[in-house]
Each structure stands twice: as C-alpha cells, then as structure tokens.
Amino acid sequence: MNTLALILLILFSGAIVAFLSEKVSKFLPSLIAFISITAAGILFYTSPADVFNFKLSMAGLNFTLKIDEFSRLFVHMIIGLSWLASMYAVGYMQNKERQGTFFFNMLLSIGGMLGIVAARDLVSFFVFWEIMTWSSFLIVVWTGADFRRTGIWYMVFSAMGAYAMLMAIMMIYSDIHTFNIDEIIAAIAEQRLPHLVEASVLLLFGFSVKAALMPLHVWAPNAYTQAPAAYTAIFSGVLSKMGIFGMALVLLSMLKFANPADFSLVYINGFIGQILAWLGAITAAIATLYALIQTDAKKLLAYSSVAQLGYITIGIAIGTPLSVMASLFLAVLHALFKGTLFLAMGAVERQAGTTDMTKISGLIRRMPWTFFVTLVSIISLAGVPPLAGFVGKWMLYEALITNGNVFMVVVVFFSSTAAFLYSYRILFGIFLGQEEDDTAHVKEAPLSMILPMVVMALLLIALGTYPGLLFDPIAQGMTVLGFENVTWQMTVLSNVWGNTVNLMYISTTIGVAFVAALLFLTLKGRKGSRNVGTKDISTSGEIPLEHENLTYQLDFFKPFERAASPLYRRKMTKIYDDLSNGLDALFDFTRKIYTGNGQTYALYVVIFLVALLIYVQNTL
Amino acid sequence: METKKDSQTIAEYIKNWSRKHSLFVMAYGTGCGAIEIPATMTSRYDAERLGIRGAATPRQADVLLITGYLATKTLKRVIRVYEQMQDPKYVIAFGSCTINGGMYYDSYNTINVLEKYIPVDVYINGCMPRPEAVIAGFKQLQDKIARGDADNGTRYKENLDWYRANQQQVIKNWRMPDYNW
Amino acid sequence: MSITPVHYIAVPLAAAFLIPILSKFHKETARIIPGLVFSYFLVISFVLMRQVSNTGIISETIAGWRAPWGINLVFGYFSGFFATLMSVIGFLTWLYSYRFKLVDSKPAMSYYILLMMLVTGSIGIVITGDIFNMFVFLEIVAISAFSLTSFYPGRDGAEAAFKYLLIASFSSFLILLAVLLLYTQTGTLNIAELSTKVHLIPQSLKLTILVMFVVGLGIESELFPLNGWAPDAYSQAPAPVGAVFAGVVVKGGIYATMRVMFTMFDINEMGQILLILGLITTIIAEVAAIKQTQVKRMLAYSSIGQMGVVMMAIGIGTEDAVFAALFMMFNHAIIKGLLFFSTGFLLHNSLTKTIAEMKGVAKKFPVLSFMFALGSFAIVGLPPFSGFWSKLYFLMAAADAKLFSMIALVLAVSIVEIVYYFRVVGVMYYHQPDESLPTKQPGLNAYFVMGFLAALIIGVGVYPDLITNFLHAAAYELTHKTEYVQTVLTQFVR
Amino acid sequence: MEGLAIKILGAVITTIVAFAVGMTYGGITRKLTARVQNRVGPTIFQNFIDLLKLQSKKTNIYHGVMGHFAPMWIITAAITVLMFIPVLHPGTAWYNSWFPNLSFHGDLIFLLYMMVFGSLGMALGAGQTGNPNSAIGVTRGLSQMVGFEIPFVLALVALMVQYQTTSIQDIMTVQRESGVWMMFSNPFSFLAALFASLGMFRYSPFDIVGAPAELASGPVSEFGGKYLGTMMSGGSIFAFIKLTLYVDLFLGGAYSIPELLIKTFALYMIPVFYGWVNPRYRTEQAIRYFWGWPTALGVIGLLIAIF
Amino acid sequence: MLEQEQALLSQVTSAFPVKGKVMRNRRVEVWAESTTVSSILMYVKNQMGYQHLNHITCIDRIEDTKFQLVYTVFSHQTKMTLFVKTFIDRNAPVMDNIDHIWDQANTYERELREMYGIQFPGLVGAQEFILEDWDEMPPMRRDFKTEEYSEKTFSSLPGRENTQDVRETISTRSGEEIPDFAKKYSRD
C-alpha cells in the first residue's frame, strides 16, 4: 500500500479508534493518539523520499497527493510538533472529560494538515483544509466557553476564507478545467488566464484568514485561548502555518511563474505582494499592541501568535530569496517557541489552575523547568541573540532593508520592540514577582509534559548557533518554489549587500563572557551570600504580611497604553459586531416576507404568476 | 584604637578607604532632622564632595540616618530597614531625641534611647544639629571606618539577643521576619 | 410473476384497501402492512434497477392500453433514482416511526396509511410516463400531505394544512390548465410523444404553458415566492413526516419540473428564470432560517434553501449541473432525514420546539446529538461528508457556465447556513441542560434508521463513487432524451 | 596563534578602556553637575570608589537564580556588544591592532538586538526580587524603550539604506572615504538619533525608570553589593558603547584614542546638558515626546536617504 | 454689633433646647445634651448651610468625671464657626456616631476612640488607628501616667535630670531674669 495513504489512514483511523476507545478507558484515547502519531512519524522517516506519491481517481476527479521538498519542511513541523504535543497531552489531558472527542479531532486535524501540504490538486487541498478547519473548530469549542464569540466566529471566518478559496478554485477551474496544481502552474506560464488575478486575491484572502491577517484576525485570540493548551500548541504552531503554506503556494509557486509577457499580471503580482506585506506589518504591530495589554497569558500568546504570523507573511509576500528563507525559518521557529510557550502555559494551567497573570505569580521556584523552557522560548520570540529567534529576525530585517521596504522595517521593528514588553509581561506575570501562599502547593508538571518542552527548548538553543541545520531543508524546499541555488552556511548569516553575521563568534563571545561573569560573581563573596524570600523586600520598612501580594500585575503597561491610546481606540471586533448587528436587522426585515398568512402567500402566487407571464411574453 | 588601624592589611586598607569615601546614605527621615538632610546635600554644604550620596533603598545603602525622635511605630520600620541593609553598615543618629529621649522623654510612644534597639556608630547632638554638625558627624564616621572599627553590623549580630529583647519590649506584637545575616 | 413498475402503484393501493379490513382482526396490521409495502418497494427498486442497468429503460403499459392512449409507466435511471430514493426514505421513515405513535392517543392507523399514500403518490409521479397521470399523482401526494400536516389536533396544524391547501389548489389549477392546453394543442398526454410535438405549439402559448408549469410545479418544489406553505407544513406535521416532505414530496415536485423542463420542453427556454428563482429562493430562505426560533421551521427553511440551489442547478441545465442537482437531492434527502429524525426525539416532549429548549440535550442524548451534529456538518457541505461533494459538483457546473456572481452568492449564503446550524449545535452541546424536562429515549429501530443514514452520509462522503456512477447515468438519461423518447415511442409503434 | 593572542589581548584592553572611559565619564558628569549647581562635587573618580566599595560589601543578598544572573547578563551583553563594535578606524598607530576585535562578524541589527540582551536580564532579575517598584521601573523602562526606538531605528535604517550596507565597519569606511560625516550628509537622521540618545542614556528628563524618590531607584532597588557594582560596570561599558556607536555611525569614527575621546565626550555632554535644564517626564509624556518631532525628523531623514 | 452671631444663636436655641453664647466675632458656641448633638449638627448642616465639619475634639474633665466633646462646624456662606459642645460620662463614654453626616467625622471619631476610649456605636474602621499594639489605658486620658509609662518602657540612660528647669540654666548663663508672669508656669 502507498506509504502516504497509509500515514493518512493511520491518523484518520486512529482518530476513530481514539473516539471509540473513550468508552473503554479515559486514558486510552491519549495513548492511541500518541501511538498513531508515533507510527505515522516512524513511517514517514523510515520511508525513502520518493514513495510519498499518491494518486486516486474518484468521482470523476483526479486526486494527487505528493510530498515534495517544500511540503516536507511542513511535514517535519507537523509531525514533530504533533508528536511532542501528543506526548504532552497524555499527561495534560489526564482526568479530563470527553477526551475521545478531543483526540479524535486532534488526530483528524493533524491528518488534515498533512493532507494539505501533500495535496497537489486543489480539490483535495480544499477537502483537507475543511477537515482541518472543522476538526480544529470542534477543539476550539471543546471547553464550551463563550461559544458564540469563540466557536461561531472561528467557524464563520474560516468559512469565509474557505469559500473564498472555493470560489477561486472554481474560477481557475472554469479557465482551464483542471484542479491539478502542476498543470495550473504550467498553464499560467503559457497563457493568460482571465481570472487569475481575482482567483489569486481570493485564495490569498482565504489563506489570510487562517494566518489571522489583520482585518480577519478577530477569531484568532479567542480561539487560541479557548482551545486546550496541548492543542493550541499545534493550532498556533502549525495549523496557522497552513495559511502561510497556501500563500507561498499562490505567491511563489503560482503567480511567480506567471507568463512574463503579461505585464499587468507581473505588476499586480508585485502589488499584491506589497499589500500583503503591509497587511502583515500592520498585523504584527497592532496585534503586538493588543498582546501587551492582556492579563491572561494564553490570550497574550494568542495575540502574539497573530503578530508573529504577520512577520512570516511579510517574508513570503516580499518574495526575495532571503525574505522567503527568513519567513520559513521564522515559521519553523514559531512552531517551536510558540508550541513550547503554549505547552508551558498549559502546564501552568494544569498545576496552578489558571493562566490569569493577575492571579498567580512567583512560580519560578515551584516550576523551574517550565520557567526554563518559557525563558528560552521568550528569548527566541523576542529575537534576542544568541538564540534562534534572532536569526529569523535578522534575515527578515536584512531582506526588507536590502529590498528597499524601509518604512516596513520601521513598523516591524516597532512591533518587535513592543514585543519585548509582552515577553517580559508573561515571564514576570507567571514566574516572577512575589510568591504566594495560594500557589504554595503548586508542583512541577510531570516528566511527560516537561520532556517535549525541553526538547523544543534545546532545539531553539541549538538553532541559535547552527541555523544551518534548518537552512538545509528550507533551501531544498525553496528549490521547489523556484529559488534555486540559495546559499547558506552553517553558522554565518549574510545578506545581498555582503554583510555577514557570524553566529559562532557571537555565541562564543557570549558564552565566554557569561561564564567569566558567572564565575566571578558566584565565587566572590559567596560566604556572605544570603538567601532571601520574595517577601523580604524594601518597602519603606513596611513588612508585607503573608497574604499580602505586592506583585505589580494590574495595568502593567498602563503608561504605554496611555501614550499609544489613539492606537487602542478602534477595535476591529466592534466593527464586526456592528456589521453582524446590521446584517441581523436586514435578515429580520427579509424574514418578514413570510408573514404566516395564507392569503398573503396566495397573493404572492398570483402576483408572481402574472409577473412571470408578462415578463416571459415580453422578453422571450 | 590606633593599633587597629596599623594592623590592617593592604587589602583591608583599600577596602576601608573606599568605604570611607563612598557612603550611600539611607536617610530615614524621622522627626525634625529630615529637613537638615537637603541642606547638607545641596549646594551650600555639599556632602557629595565627601563621597556621600543618597541611596533609595536599604539594599544599596551603607549609612542609616536616624534624624530624630522615633515613635515605637516607626521603630519597627527602622529596625526592618536596618536589618535589610548589607554589611558593612553604619548608623548615624541625629539629635537629642535619639540619645536620651530629648524633649519627648516622657512621651508614651516615643523611644528614649536608640542605642538599645540598634547599634549606633555616631551620635550628632543638637536639637537639631546644623549641617556643619552633620558633616562633622560624617567625618567622624569616616575616621572610624578608616580605622577599621566601624563594626556596626557585627555588633548587632553578636548581641542580637539583647537587641531583640529590647525591641520586643517595645514592639509588643512581634511580627518581624528572622534576621538571617 | 416478474416484477414491473406497476407494482409500485398496485401493491400499496391494494394494501390501503386491505388495511381497514384486516385491522378489524388485529390492530397492529395497520402498522405492519405499510412496512411490508415499503419493504416490497425496496425489492422492486433493487430488481428494477438491476434490470435497467442490463436492458435500459423499461416502459410498461397498463391494462393493455398502449401509449399514447393508455397509461404507461417508464422506469429508467432517472426515474429509478427517484423511485429508489423515495422507497428508501419511505421505508426508513416507517421504521423510525414504527413505535413513534405509541405515545399518542390518536389511533396510528391513518398515519401509516397516509404515509404510504404519500410515498406511493410520489413514486407514481416519477414513474409515470403520462403528464395527466403525473397531475393525478401530484394530487394524491397533496391530499396525503394535507392530512399529515393536520395530523395533530389543534389550531396550528389546521391552519398550516389550510395554507397548504390554499396554495396547492393554485398549483393543481395551473398544472391542470397547462395539461389541458397541451392536450388541445398536441392531442397527446404522453410525455415522450409530447416532447416530439411541442414545437408545433405557437411560441407565446408554449411560453404561457411553461410559465404555468413553472408556477404550478414551483409550488410543489418550494420555489420562492410560492413556498409560504412549506415552513408551516413542515413544522406542524409529525417530525418523521418532515423527513418525508424533504426527502420525498419535494423530490416529486422537482422531478416533475425536471421532466417537464428537460424532456417535454427544452431547458434553455426557462433555464435563466429557474436559475434566478433558485438563487432568490436560496437567499431568502437561508436568511429567514437564521431568524427562526423553532428547530423544525429552521430545518424547513433550510430545506427550501437547498431546493433553491437544486433549482439553480436545473437552471444551468448542463449534464454536469443535472448530475449535481441529483446528487444534491440525494444528499438533501438523507441528511434532512437524519436531521428531522434526530430532532424528533430531541424535542419529543417539548411543546414549542424552540432552539432554546435544546439546551444541553447532548448530555441527555449523546447519540442523537451526535447524529444532529453530523447532519449539520454534512448539510453545510463540510468534507468528508456527502454534502460537500454535491456542493462541489454544483459549483463546478456553475463555474463551467461562468456564473461567478452566483457562486459567490451561494457561498455567502452557505456562511449564513453555517451560522444557524452551528448555533443549534452550540446550544446542544455547550449549555447546561434543563433537567426538569422529561425525556424519551429512542428505540432500537430509530437508532438503526439514523445509524444507516449516518453511515450513508459518511460512506458517500468518503467514497462518492458509491453513488456517482448511478447519478451520472441518470443525468445522462435526462439530458439526452432521445433514448427515453425512443423507448417509449417504439413501444407505441409496436 | 599569535593572532588569537592579539585578539584576546585586544578584547581585554578594549574592555578595560571602555570600562575606564565609561566610569570616568560618569564621574565627570557628576562633577560637572555639581559645578553647575554651585557645588564642589565629588572627584571625577568617584564612580571607581563607589564600585570598589560595592564590590567589597561583606554580605550580598541572593534573590534567586534570575536575580543572580541579571548582573551577569548585563555585563555579558556589554562585553559582547563591545567586541562587535569597531572602536577605531583601522590605522597604523601601535595600538590600532588591539581594537577591531570581532567587528567584522556582526552588524548593526545584531548590535541593536544584543543591546537588549542586558536589559532583558536586568528586567528578569528585577522581577524575581519581588519588589513592586522593580517591576514598575522595568515596565517604564521597556515602554520608554519602545518610545525612543522609533526615531533611532528610523535613523539607522536611513543610514543603512543610504550607504547600502549594514556593517558598521563599512559605514565608517564610506564616511572616511567620502570625507562627509553622516551627521552632515543626513542631518535629520542624525538629529533623530540624537533625540533617541536622550532616552537611551536615561538622564533627566527621561529618568523616570529609576526615579529614586518615587520608585526607590526602580529595577535595581533590591540589588546591592557586588550585584549593583557589576551592574554599574556594565552600565558604564554600555555608555561607552553607545557613544562609540554614535561616533562610528554619525561622526565618521575615530582614528585615535584622543579623537575618540573628544568626539564621545562632546556627544555625551548633549544628554547631560539637556538633563540639567529639564525636569522629569512621565512615561507617557516621554513616549509622546519621542513619537513627535524626533520621529518626524527621522522620517524626513529616511525620505532623504531613499531619494 | 454681632447681629449675625446673635441671629445664629437664636436660630439654634429656638430650634433646640440648648443654651449658648456668642463668643466673639464669628464664633458662636452652644451647649447641648449629648443626645441632641447629632440632630443639631444635622440641622445646622442641612438647614443653615454649615457644610463643613472642622474638627471634633475632646477634653478630659477628670475632675467632673466627664469628657467634653466639641464639634466645630463652619459655614462657607457666612464665614461663621459654630461650636457645639457637650458632656458625656467619663466612666461610660458613649457618643452618637455622626459619620453619616460627614464622612470625615470617621477619622476624628476613630482617633477619639483610640485616644480617649470613647465608643461610637456603629463606627466602622480598624480598631488601631494611630497607635500600634497598644494594650494600656487610652493614652490621652489625664489619669494615664505617661512619664511613668515612659520610664517603665523606654528607660532612659542615667544622667537625665527630668526636673531640671532649662530656663533657670539659661537665666544663670545669660544673666537674664525670669519674668514674674513666667514663674507661675514653673514646673514646681
């Protein structure tokens, strides 16, 4: 049997088995999910690359699935993160209700994602896309909190996106009567398709929804927050990347090969790219601003995810080799660090009961490993050297600067500087500050939850010095997108102007300086070193009582909020609310056509009959 | 006294010299004396030329200034601040009130003798001492540091039981953290 | 005795005659005999479909009167598809409601007979080869439907039935008039022969006849603005009857429309109008559905919306579009069936049948709620459920016809559909249940019916080839009418 | 091998020079401030004495692992950034070979991010002490950083676009070869950067971060002894770094140590002078300040650089 | 002369069974029973525009075993101050709580409760207001021996001569005589 089909089959049948097995034991679904993902992973990594090719002719349509080098990058992300998250989920979901549903949908969406990246025709792409969407929808509403804001919004926006895609697919189909992506690319290169521009815009619209680009992002914060953490890691880490994958498909695989003789198209291609990049930049900035006023850690991370996806979008939309590389690098990194962060927040939620930063503080001594992974991920997120986040940020900036998008650089820089604010917020809010009696009982999460996070954190550290480990698959993937001969080095970054950054030197310097300082500070005067608790602080001589918590948590960035108040005034959600209220009123008005009165209906029939007769006799 | 200075090693001498010339002052502004501190620090008397500058928190401070009478309520905070300072630390007490009660000798809530609760290096008498006197006091403290016998922290640690007993006599509801250095 | 299409009509009529007599001996016969009839329908359908696939279209004359003078029955892929679908839905409905009526004090007899007649009439519509007979069967269906609508005693049921009666009489009148006009112009009532003779009719008269058909059949197939009766009828009839309305009665109307438009006339004459009517129907119905508070009314409007899309597909008129329309009707029948069936028990003891009363029913009825949710997912067209494929084929057909604005509108309306279906699912799953309401757990038969439908939905969704070949053949047969005409007419010549 | 020895020697010497210059500048500022206020003031080496005293404190308070790491992060960041900054033009003087360090292996964007490394460590350390004032100070500092970063980045982007390079070494070389300093070729960007530097040095009016009277010195309020001393050293090195960076980017770099000292001192006096005559801004006022004229100047500078 | 003051006095005395007198320009005092004080205050606040409660003070009339309470209210319109004075029993000091009339009265009442031990039924607020951990007699009562207490609790260093009159030292040093009127304030 075909390996690719087998992998998908394992995941889908695993989903069903997991769903049914809940009746047997509460513990079983998580185990089955873990086993099926492991099996899929083993199958994927032990098979030679050329077997991932699957063709099926069904219902008059040809379905083609194929994992090329570019898809392979995403498959790595999907399988890797899903595997770790499912390992984590075994411990995380312990003692929770309705695990069967959760793992059913989790496996289904993982299978859906694999299908998306493997799909080489638009129908199977769409099918898997929708499977992924509704299964993730079911997980988003799994906790059932705030169904309308979370579930319906997610589904409506997803449906908008999906139907825009479907519309675009139909447009392309009506032009060349094929769904096969390779054939479409070939056709684009040869001839001018009348609906290509509209179709591309619609496709990008659809992908923007999943990538939570600015006007379409409103579903994301709630959905990310409401989904259980084990899944949010996948959701934010790879599921949202499907939007990025799609954008790359449209912008880099399809439009880039457009017939160069078609000047308007080439022009529009660049134009679309610029618009998209600017949307990405604005998304990054605004989402960052909203992230830093959140008090719930998961919601903060949710906004942060939106912002990060903005960066990634920029890179894809600009479309230079460096920017695409940066974008893909950031995409993988985002999967790693946001995955870790959501998992860590899940651990906090499980152990301490909440992720509301106004309620907990000072967990660093209670959950040191969780703190460690959070710290590493946050440093990566903020892009501070020597961890991997810096590499991605550097490449993105250099790509933008060398490409002449200078104002975009400033916007991006602004948002990534503002990102320090929420980075600190999340570290401080949960792990630092004063220790409380309420959280005295909190213990570190079990090993099965810690292990996946630590693995990802170590990867982030390693990639900080050896980004080449990741450049290798990215460069191979970019070959598929038409960027041949992308040069990369194991530890050296360089831009088109020939400026380089040698990460080896940076890491070494930091390492040497840090070790020296560590030795100096630790050894010197260690006899006089005194341990104090977090209550022993200089508060003008006042002694905080046990139940008094002086940690600064509320209105954390109030001064900044005040300074940037014009940017906070307009809320996108309000606009959508107004829109939906308006539509509601319109619907209500329309509904009144059905008066419930038989005479009216009879009147309708007569009027209609007469009108139709007159119309037909006059025109036909 | 002189012998102690002579017996210092070079390292100790340098350390004491630096301590002497860099006094970070935690001005605990009790009583009337607080008003003398600005005068001492600013243009006219300029204590900064002696290396004296203000410190915002006890963690950074070297010198604790008690600038006048201490109510029992305040004493608790003073003890707290004092204990939070890092060794070596010094205490300068201003005015008559800290010496023996001063005009508040018969008050029901003002302590009379500061020495009983925390060790004091230098008393500056007067009600209140003028900035000249304050600077003279600082000079004396500097001499003491240079000699190497400003051992305020050590004294407190060694006689902690006695100090604690005195403190607890005044502060009835004792809810202070343990002193751990 | 070999099985022929006439069994579809003869057997139930005989049964209907027998039931009142037999029920004198045993009360349960009224319940069992319709079931036997429905089972026999299944057998007929199976056998005839085999036969059709072997030998092509079957044409049968009744009582030796040859076409065009006698009644003849035609059973090809196209008719067979409808007949089979109706048989299946009828059987399932009977099975589902086998114990359904026990809770009611009213004697169950009339219910089962009416159900049987409803299905029989609908099957009669699809297998008859005679336009007047079609009218007769339409009347049978209508009368059974009125009775079922007013089945529950009370003012609401009577009112709904009256509305239905009022509107349906227009329908009867118009169709009868059209048939009369046709007969005066061509001298025949046989559809096959009519199709060879319609060109003889003057253009303006032909258009008038067409309009009459459109309006008359439009009432049956729930076109806007002729569908005012539908929501009331759906919501007042017993819940399983809703499934029959959606899966059988409407299908009869649509079949008649298709037969008239494709076989008798040329679809291109009225295609544009049907297209626009379908679009308006869809939009208005879905918009109305989102504002409904009663579940069954919501499902009714949703049904209307679906029929609008089907009508659009018919209006496009290509073979692919017909295929999409058939597929869509198939899906609509099974999915709406599932939805109505599950709603029947979810709201069994509710008086108002509002959405608010479904709060937290998932805790009480996990399986039923799952079925409803599955139906919701399928009907809004999410893969891998069967609803997706029909939507896809419809869009492909529309795209071939370059109707992009229409695609956009249909898709936009689908979002509305998602909202109202998912809202109900949300209410079911994510609210605290009202413990005070008494519940009635469905029996094994109902579970079997719903399980079968669910399996069909998923099965077709995962592997649409289960049904597509068959549908393709049906669509081919409809759009290439020569075979049909020849088969019927050769018999006539012979 | 000899190259490595020179490198290590250079690194050590650079660090020492940076440390000494930074500390002395701090002392000079204190002295000058005193003179402006009609005081005598401490000696210009007062900071060294303070540092010595802090390092010779007998007890040190350990607030937890982040509190312990914070000063190290600061000093690490300072040294690392220093290593990647070209202190002098490559020249022929006998000491020239000491200073290039690793400046070929990093560029401007790296430096920008590396400079944050220390602040982040500081913020974490301050957070772990549990003192609310520390956290408040940190949030103010971070907010203010977002404020001044905008004109600063505008200026730097203008610079990079204008010279088509992101390497500081190259920017210096271009300025040397053309003979026109950046501050003359694009004065608007220079002004924007200069305004940003006011915030960067955190002298008044932008000293709300560690305002002693209201925040008990903010982030450092729980640090004393060796920790505070190490932070001071790191801060001094950072002062030197910022000044050298500005000299390299806008003032054409320096050929020799005296030239460097003159240029850096002149630059250093700008925030100091500005601070003498200004009271303290609240955080939001400071942010608004930076987002006002400095940003406008930066945009103008960037437009000039593009066209 | 003082018509305004007289008018005020007559207005109050006519409304309540109190007696009072004009002290001086813009100062009027009335003496009331302790039970009527709150109604007087309510009346003058609401009817006569005395919106401002300046102060509540207490005098320990140990000789009469009474506490004298003085409520000082002020009118912003007429710029006049009204003193409402009353006596309460020193052994069972209970007084009406008036913090529903003026919120700031709460502060004064808490202080009086702490310093004199006067109970205000319904007074809300922490028991310890100014003092900390006080378990002796309320310290402002005149029978509280503050010197003894101080000596007992904060024992002074030897050498303090409590009885020494500083003025004598000054006069001997400077050669100035202590004036006669001042002698009667002498400690002994």
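Annotations
Every chain is named by a letter (A, B, C, D and E) in the order it is written, and numbering of its residues begins at 1.
Rule of thumb we're sticking to: a residue touches a chain if its C-beta (ideal position, glycine included) is under 8 Å from a C-beta of that chain, and two chains touch if they have at least 3 such contacts.
Values in this document were obtained by computation on a predicted structure and should not be read as measured data.
Once chain B is removed from consideration, the other chains connect through touching into the groups A, C, D | E.
Number of steps on the shortest path from chain A to chain E, with steps defined by chain touch: 2.
In terms of Cα centroid distance from the overall Cα mean, chain A ranks first. Across every pairing of chains, the maximum count of C-beta contacts belongs to A-D. With respect to chain E, maximal separation of chain centres occurs for C (centres as means of Cα atoms).
Chain centres here are means of the Cα atoms, and by that rule the chain farthest away from chain B is C. As a whole-number value, the distance joining the C-alpha centres of chain D and chain E reads 61 Å. Separation between the centroids of chain A and chain D, computed from CA atoms only, is 36 Å. In terms of their C-alpha centroids, the spacing between chain C and chain D amounts to 79 Å. Taking each chain's centre as the mean of its C-alpha atoms, chain B lies 97 Å from chain C.
Chain contacts: chain A has residues 528, 530-532, 535, 538, 540 touching two or more partner chains. Contact of a single residue of chain B with at least two other chains is seen at positions 57, 59, 76, 87, 181.
Chain pairs that touch, as defined above: A-B, A-C, A-D, B-D, B-E.
Partner chain E is touched in their complex by these residues of chain B: 72-73, 76, 99-101, 105-113, 169-173. Of all the residues in chain B, the ones that touch chain A in their complex are 28, 57-59, 76-78, 80-81, 84, 87, 175-177, 180-181.
In the complex of the two chains, the chain A residues touching chain B come out as 528, 530-532, 535-536, 538, 540-543, 545. The touching residues of chain A, counted against chain C in their complex, run 58-60, 123, 126-128, 130-131, 133-134, 141, 144, 147-148, 151-152, 155-156, 159-160, 163-164, 166-167, 170-171, 173-174, 195, 586-588, 590-591, 593-596, 598-602, 604-609, 612-613, 615-617, 620.
Interface residues of chain D, counted against chain B in their complex, comprise 30, 34, 37-42, 46, 49-50, 52-54, 56-61, 212-213, 215-217, 220-225, 228.
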